[in-house]
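Structures are listed in the sections that come next.
Two complexes, one shared chain (subunit A), two partners (subunit B, subunit C).
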Partner chain A sequence: MLETLVVTILFNTLIYTIILALISVGLNMILGVLKILNVAHGAFFALGAYTSVTLVKIFLTGGLPIFTTYIALILAGVLSGLIVGILIEPTILRRIYTRIEVYQLLVTYSLALIIEDLIKFIWGPEAKIINEPYLYLGTLNIGGVFYPTYYIFLIIVGSIILFTTYVFLNTTYLGKIIYATAFDKEISLTMGVNVNKIYTYSFIIGTMLTTLGGALMSPTLSLQPGFSSEYIVIAFAIIVIGGLGSVKGAFLASTITALARSITIIIFPELELAILFMIMVTVLLIKPTGLFGG
Partner chain B sequence: MKPYQGYLILLYYIVLIIIGFLASKYIQFILSLALIYAIVAMGLVILIGYCGLISFGQGAFYAIGAYSVGLIYKYAHIENVEILFTIGIIAGTLISILIGLLCIRTRKIAFAMITLAFTMIIYTILLKFYYITGGTDGLRIPIVKIAGFIPFRGRELPISNEYFFIVAIFVVVLYLTTRIINSPFSYTLRMLRDAEVRAISLGISPSKAYLIAFTYSGFLGSIAGTLYAFLNAHIDPSLAYWTTSGEFVFITILGGISSIGGVILASIIYTFLKAYLIAYTAYYWQFAIGIMLLLIVFLSPKGISLIIDKTSRVFYKFIKLYKKTS
Partner chain C sequence: MSLLDVLNVNVYISNIHILRDISFILEEGESVAIIGPNGAGKTTTLKTIVGLLPLKSGKIIFNGEDISNLQIEKRVEKGIGYSPEDRRLIPDLTVEENILLPCWISKLSRTSIDNNLKKVYEFFPELKELKNRKAKYLSGGQQKIVSIARALIKMPKLLLLDEPFEGLSPLIAKRLLKIFEQIKSMNISMIIADSSPTYPKAIADKIIRIERGEIKEVLRHA
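Now for the complex of A and B:
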């Protein structure tokens, strides 16, 4: 009994950590480099999920075998992130870097509204389900608990994506330039860094992380208009707990909240979502800059 | 404060009532909703415009006001509108003091986030403790009675009773808020916003001033919440969801952050636009509002208040011209 309980908690924590980290690391990266709190991030998440619906359907109706849909999911995430990033950063966000915070919030909020309705316009307001990739893998017995094998796939792919991002930011030349630009824009500019380009790159990477998260989650969800607002508010909570602009903090905060949520779901299910915000309030009161904030 | 402003507010009341008599019940409903939003937005003017604190948590007090009406009716079977209204405001204000004590320890983005967290906590409590609050089904607000005998929803009158009540409360709130904005206290808040350290060195207690401002905005939020409960006759947890609070902040910014006239105009424009866009386009009203917002941010940086400023300047010029010629 106790064993299954521990397995359940650990496994749920793992799944939840990966999903939360994919959303919040991207959000935090955009906040850290571009200094913009992107309210439209949840809409990007939804966009990734919806794109994967279309791509998987195309793959299946094209007569390709079912295992190729996993490639379709990843492709959908990468593609939608790339397109959104290229379209939005140079045209809209670049104009508001010098404006006060409130207007930046307003612009990203209106972007969220516009994208939400574009999704309704393209995919229609009814619920969308693609569970072929989810059902194909069947279930797995882990210590007496049956889990869909798709979650294992999600954990593996999600960790690869997060690990790659971490390695990219910390070891490559471009990653170091991104860190430098986030730290001091003016000095980077005088050192000959093309800041505009770096902003576009970081926005694309941040967006791609969340669209990948959406694409990977889409087989387990029933997609409805407006479902993204729940994810964006959770992502806000996580970046606040982890420290604004800190990628490491976002990951740690994802783990903490995932663990807290998995435990609360079993002990006191009414507080399932509230526990996240209670942690957030506690962290803000003790250390207003978050766990890893400067 | 200019001495005639008290009379001016009486004039607003009469004008609004006349508009009510001329308009249909549907227009009255939307206008009442706009006035309710304007009440919340006035609280946010004090908080955002004068303290520089962006609160994403007004929805919390809005929901507490509405739910205390609903819950008291459900469990205590009180139908008197005055009692429900008073209890709703008291509950909202008390909780805003409690939340405010914690929130005012933070500034800037941390403040926005902590208020967001509180409204989400209230939301999840309303949602998950469904055996008390009714969950997503929400609560029904009955036909309430003024002074125990007059039916509050008089459908046979050309003007609905809610409209009378909401306009009266709105005008009182408008008077109070203009008094606060013209008082020395608002200068304290402005100084704290612009130079907190200097203000402290002059002997001003920031936490005390901020707490008063926060409580006042919570007080206005709970007033609006109770009024919404009476108007809509049905409430659900989405009142405390962060998008509701976002909508309030959004109206305030649209109105130009620190202009009372601006936010009132903004809430009226926003509510009517939303109502008619939903009526004509069903699914795509957000798109239109988003585009409009982008245009306002890029073309008119000060929001709607810029338009008010310009028109009032033209108006004053006319008055001057008139004085010269006469």
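Now for the complex of A and C:
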């Protein structure tokens, strides 16, 4: 009994960590480099999920075997992130970097509403389900508990994406230039960094992480307009816990939050969200800058 | 031909008139010291030349080209190196990464970068020993040296040094002067901003005394 309970908690923690980390690492990266709290981040998550619905359907109706739908999911995440990043950063966000935070919040909130309506316009208001990739893999017995094998796929692919992002940011020249720009924009300019380009790259990477999260989660969800708001609220709490702008902090806070949620869901399911905000308030009282913040 | 012409430059920060009709000329290979008390406009002058502050009026001509409205990264590409007063290293990068960062974005070849790094380590041998140490673990003096090395790494035509001697022991400051002599012998021009003329006068060909954003006196030196 205890063994089953531990396995359940650990497995749920892993799944939830990966999804929350994909959303919140991207959100925190955008905040850290561009210094913008992107309220539209949740809408990007939804866009990744809806794009995957279309791509999976195209793959299946095109007669491609079901296993190729996993490629369709990743492709949907990458493409939607890339398109959103290229379109939004240079045309809209670049014009508001020097404006006050309230103005930035209003603009990104408006963007979120526009994207949500565009989703309704393109995909319709009714629920969308693409469970073929989810059902195809069947279930797996882990410590006496049956889990959809799709979650193992999600954990592996999500971990690879996060690990690659970590390696990219910490070991490549471009990653270090992004870090330098996030730390000190002015001095980066005097070193010859084209800060506008770095902002675009960072926004694309941050957005792509969340669209990939949405695409990977889509086979496990019934997609309805506005479904992403739950995730974005949690992501905001996570970046506060981890420290505003800290990529490492976002990952650690995702793990803590996922573990707390997995335990709470079993013991007091009604307090699922409350536990998250209790952690946030506690961190704010003890270390207002978050676990890895300034 | 002069390397830098600063012509009737006026700069405002938040509607406050900081630089008032500043004009001076810097010849190729020449060194200029801008001397004045805190708030005189020394840092603003350097920031304006590198492009961190916009001009209200006037012109900046660098190497025969009007750079008054040129983006900062383009000015840097044309050969302007800048070492700020407060060092501003990237704390989690190593000493060598901090020095090399400007090269990662430049069009310099691998060989040129290696040669420049070798040259920088010849100027500042202590940095070679510290090359793998993260910048946040350096003393203030060491950080100052790294900041100068970073500005020098692409071997610019013009080096802007804001208070380079600040916080350095007299021994290190004198050694830095000798390094500046060597840099000058490589035909790299320098503008050194300092609140005291003690060290800069040993290297400067020209001393510009600035007060409340106005040039009060230009003295030919050496």
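Here is the rule we go by: the second predicted complex is superposed on the first by the 294 of 294 C-alpha atoms of A that agree within 3 Å, B and C clash if a C-alpha of one lies under 4 Å from a C-alpha of the other, contacts with A are read in each partner's own complex, and residues count from 1 in each chain.
The rule we apply is simple: contacts are C-beta pairs under 8 Å (C-beta built on N, C-alpha and C of every residue); 3 or more make two chains touch, one makes a residue touch a chain.
Predicted, not measured: the structure shown is a model, and the values here were computed from it.
Trainee: Quick one: classify A:I156 as touching subunit B (first), subunit C (second), both or neither.
Mentor: neither
Trainee: If you stack the two complexes on chain A, which partner ends up touching A:N194: first (subunit B), second (subunit C), both, or neither?
Mentor: A:N194 sits against subunit C, while subunit B stays out of touch.
Trainee: Which of the two partners, first being subunit B and second being subunit C, lies in contact with A:R95: first, second, both, or neither?
Mentor: A:R95: touches subunit B, not subunit C.
Trainee: Classify the contacts of A:V6 with the two partner chains as first (subunit B alone), second (subunit C alone), both, or neither.
Mentor: It touches nothing on subunit B or subunit C.
Trainee: Could you say whether A:A180 touches subunit B, subunit C, both of them, or neither, answering first, second, both or neither?
Mentor: second
Trainee: Figure out whether A:L87 sits in contact with subunit B (first) or subunit C (second), or with both, or with neither.
Mentor: neither
Trainee: Who does A:V233 touch here: subunit B (first), subunit C (second), both, or neither?
Mentor: First partner only.
Trainee: Residues of subunit A touched by subunit B versus by subunit C: which partner has the larger set?
Mentor: So, of the two partners, B touches more residues of subunit A.
Trainee: For subunit A, which residues belong to both interfaces, subunit B and subunit C?
Mentor: none
Trainee: Going by the contact rule set out above, which residues of subunit A touch subunit C in the complex?
Mentor: Touch residues, subunit A against subunit C: 173, 176-177, 179-180, 183-184, 186-187, 189-195.
Trainee: Give the list of subunit A residues in touch with subunit B in this complex.
Mentor: The contact residues of subunit A facing subunit B are 37, 39, 92, 95-96, 99, 101-103, 105-107, 109-114, 116-118, 120-121, 125, 225, 229, 233, 236-237, 240, 244, 269-274, 277-278, 280-281, 284-285, 288-289.
Trainee: Can you name the residues of subunit C that touch subunit A in the complex?
Mentor: Touching subunit A: residues 50-52, 72-73, 76-77, 82, 84, 88, 90-93, 97, 101-102, 104-106, 150, 154 of subunit C.
Trainee: In their complex, what parts of subunit B are in touch with subunit A?
Mentor: Going by the criterion above, the answer is residues 48, 54, 102, 105-110, 113-114, 116-118, 120-121, 124-125, 127-129, 241-243, 246, 249-250, 253, 257, 283-287, 289-291, 293-294, 297-298, 301.
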